[in-house]
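Encoded as structure tokens, the structure appears first; notes follow it.
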């Protein structure tokens, strides 16, 4: 190889590294800006919306790891969310174990379950897989519904306590929740960022595009899927644990219903599937919209809020099928 | 070097329902050679590639690579051992860029992304696709996709490279460049098996040819012998070659 | 003009499967607000004076929020109503799960929450300071049912076994837990104990089990959709329960009876309300007319509780002479309204230390094919029960 | 439980299974044959039920009589939804599946909102009809006439669909599913083919709606009650197989009924779900799947 | 003139692939288009077939403008196109693929006659009728693609490198077949890299380079052109 090609290679490598660095800088700027939001937004309701947005961004990004990067469209992530919520709640309410620990336990449980279920479902392709995940989550929902130890249909009410960072209970103050949710999003984003440029990240995308070709190029397809499922389930469950602490009451329907599985996928899809910023962007648009249409139109009972909400999802999905993120990225061969 | 046989198939048979695509095929591939695998359409060449590369476990028979039985080994593991293949119908990762496609191959030997990228760019340069490194693979024309297939396979740094009709659809001058590339690959110490229907290429490029017909081994020998083989002419080459 | 306004937050599901309840509730609250804000010659608190006399004739204004039956949304909406709309008090929420999170928010913000129509006993057990429920809860309702059975037994009717049939929600499970306990305590055999999935496409297998068990009394706890499906399926499979005594809900909705025609003749439901009372207290009829004008249906178990709930809340605010949460709370604690001044069959309205009105005596109503008649307790009954229900 | 009761449960399960199959038949066309995800399938059913209810109220005719009208109307609804929504979802190159899921999910919410807006969230039901409330008593085994009617309609609908899928048009549907761009090479107008396909799918679910309206309650969320079961039924039967959807529907009905006897009835869906998982574990493309 | 392409320009995402190309095909002719990889041969055919929308220029077929028409309408007018990537319906059987070829023809004779022709041309297909197209060997897929195009009973058949992946014996047969097809009255526009063989059967030829026509003429003229000889003759 000639010297000139070597230098050109180096240059290109550098451009690539520069791009990665630029992504980090952008992320730092965005997250810093978001971190300043509570300074301006004092209204509890709006803070509540912000927290939900961050939470959905984080959970949707977790879904995106399996669904967007690895191409395994899960319609059952409510299961992992529920496990996180229940683990944190049961450990805290029944055993007085701080929810931080419960979140991690829920995450590990979910990751383990995701791997176990993966042995069953990852042989399935396309819709068969999607329906299998849906069905498994529904089974989970029914079981929890009928499991008295975790409160069954009655759910679990978190006790009132004094405000404390450890128990994640703040009576009126939303700001701590905001920063915890932001922290969660930052962590999930960073993990995605790091994996994206690792061998796993590339393997996942190869598995998504063409598993058979990937296999012939040394990609451990099955293990790739398991790994993606585990990471994805872990963070989804952590999000669930946070949600339980945040709402301080959970019941099966309110953390595990099928609707949630869809709502976790929705921001990533609308924002841009398999991208670093798609899920956060999707959540930033979708969640405030959901909350605000319901709050300001839902009270009438006319169904108008649903009409607007449904139409918006439809319009966004159709107008920018590759995701809203494509509005921000230059039209080049590369990805965002 | 243990032996000069790199890979051996023993009685490989592949059935699809009533159809026998490979029937008791036993061949040996010698280290360092360029072996031509030819035969009529549907003779079972691609099927044999699938068995060797691990895409499909044969109905019966066994496959030995460097003396180790790999018949049941998953494709990914074979790739790490040093077997790489291209697909006759190109199967690129269409959402990724050309360079990223090749990186997937390069990850077999480099766990670090930056190094994998450097390796991938080097291979692209080598096969002459460097100009398209940042294009999305989905945008490539069929001949470009075939070249990408080759690049990806080379990036896995194989010992054995299975090329399934990668030089079709080229003008003669382009085909010449392609043949140079295959020779360069072999010069790196990579054993090459290629399926090709264009006899002008096969004749000039391969050291040895194996002919399959109706799933069975029909003939084996130097290219010059093969084209004179009456059975091969009847089954495969046709009258024009008899005249020639 | 000039008169201060009292803003009250109303939380219901306005979309989703139980949206109709929310919409009916809206009409009930609007009727209540009309009574409070206008001047009516009803012997009911806050009716006579226009507005709240204690607050210089302040008018009540209602702000509605849709919680979509989701506890999280209920909580968020409650916070929004408190912080943005600066509501003085909250009222709601039908679904017990939502009442649970809303009561927690109310407690944290020191805003009274009047739980109008959730009947889960677990709500009051949290001993919240700002939680008040003027109506009965499932324990009281179920106790009334079993009191009725005991009375029937005394009269020589055969009631040995009961069949519990309940949906797998807080409402169903809570209700069945109480009923199971009471049945055991009072020596009734539980011939069937069936928890089913709410909003099922079919109840055939469940009904077949009921039919096989054939209890003396079938005691369903179901929402409207399943009530309709249950009754239709029973008819289809040729199962006529000997008696049916329902935990209201689906069996107090007019639509259920409309949907199933004459199949429910003789069915008994517990209730908080009976239009029969209008004979004794004529203003009840007038209130009902006002409600009917808005919603084109009669007051029922739910809407009556909602309407009365707002009146009781307004009365407390009136007496508190303030919109301060704590003061209203104190006024609520001090509430003491004789039952005759309500539209309900209650003995009295006052709150124990759990915020529960222990004297919200329930009634049992029997459907005669055209209307509901009160059959229990005896002091308000206007007819003897038809028992067994099919004559 | 007596043997008679057991037979009753199985018979009810069978009839319900045929109803599930009838609801799934339209989906097996759209989802199974064309491989387009339609998350608004339950809402199509709901529209058809309201349409039946409205027409019955307006014309005072029997639901069976107005059925053809509803079916025709639903054909238009289906074709319109394709032309106005799904066509755009199918144009995309990247993750078309997800775009379909969410555009039809949005549509489902919109339709629910629309139903609430126009019809209020109240529960409706058709009070009198020829079949409603009538039951066939076979030696103590009760078979409700509406369900028997539904079962027959279901079988007829499947027969019709399997005939359609064998025609050129049926093949054109499958070809368009395989490669939307390539069908032009043989002169197929993919938009026309798919619009008609959606029309037929909606018409079939419309048929289910006219049957359900006789004995089921109607309200804006009623679609959700049947939606999941319909998806599982189609997948269980196997994508691409019309016959599979019919068989799967019946199996789902029976398994559900049996599960309700063995487990607490609240868990009866678990039986169906577990069955699906078991089947695809051994046969990754469902019972009779071709795809 | 059956097909008249005038100053056609087509671009992908703004990148011009062919520019200002004019090509004529008379009824009954076999016209060959040649050129290096990426010269724009396939793009030309795609633009005529309506698979890509040209930026400017016109395409006239049998006197009617067809540029900008949807692909299926162009097929309906009698242009069949076998793309380089074949575009079969992979999970449909060979039989169904062929059957769909005659989608436009309701008449039984219109369906059966070409089928006979296809089976005579490619007996292999007849053996493979119930097999899914995706599992065919590469060469069989090529046969099926040509067969499917013939089933549309075209007036103009456009073939993009039909000899690709075809065994030598059959390559000759394919060229013979092309001639036979022409003799049944179908006009042929052929993109081929095997220039020698194709010029043997062709009437005229065009040579493209980087999106432009650099040479056109009768088959003999093109064969004798020194640049062509250098690029195409002998490996």
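Here the chain labels run A, B, C, D and E in written order, and each chain numbers its own residues starting at 1.
Assume a residue touches a chain if its C-beta (ideal position, glycine included) is under 8 Å from a C-beta of that chain, and two chains touch if they have at least 3 such contacts.
Just so we're clear, the structure is a prediction, and the values are computed from it rather than from any experiment.
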item: Contacts common to chain C and chain D (chain labels); value: A
item: Steps needed, at minimum, to go from chain A to chain E via contacts; value: 2
item: Label of the chain whose CA centroid is most distant from the centroid of chain B; value: C
item: Remotest chain, chain A as reference, centres from CA atoms; value: E
item: Gap in Å, rounded to a whole number, between the CA centres of chain E and chain B; value: 28
item: Cα-centroid distance, chain D relative to chain E, in whole angstrom; value: 43
item: Centre-of-Cα separation between chain E and chain C, whole angstrom; value: 77
item: Geometric centre distance via CA averages, chain D-chain A, whole Å; value: 32
item: Multi-chain contact residues (two or more partners), chain D; value: 94, 112-113, 116, 121, 220, 264, 266-267, 269, 291
item: Multi-partner residues of chain E (at least 2 other chains); value: none
item: Chain A: positions in contact with at least two other chains; value: 142, 145-146, 274, 301, 303, 305-306
item: Touching pairs among all chains present in the structure; value: A-B, A-C, A-D, B-E, C-D, D-E
item: Residues of chain E that touch chain D when the two form their complex; value: 49-51, 70-76, 80-81, 83, 87-92, 96, 99-101, 103-104, 148-149, 151-152
item: Chain B contact footprint on chain A (complex, rising order); value: 1, 5, 9, 12-13, 16-17, 197-199, 201-203, 205-206, 208-210, 212-221, 274, 332-335
item: Residues of chain E defined as touching chain B within the complex; value: 12, 34-38, 42, 84-85, 124, 135-143, 161, 164-173, 193, 195, 230-235
item: Chain A - residues contacting chain C, complex; value: 43-45, 48-49, 52, 142, 145-146, 152-155, 157, 160, 171-172, 243, 247-251, 253-254, 291, 294-295, 298-301, 303, 305-306
item: Chain A - residues contacting chain D, complex; value: 67, 73, 120, 123-128, 131-132, 134-136, 138-139, 142-143, 145-146, 258, 262, 265-266, 269-270, 273-274, 301-315, 317-318, 321-322
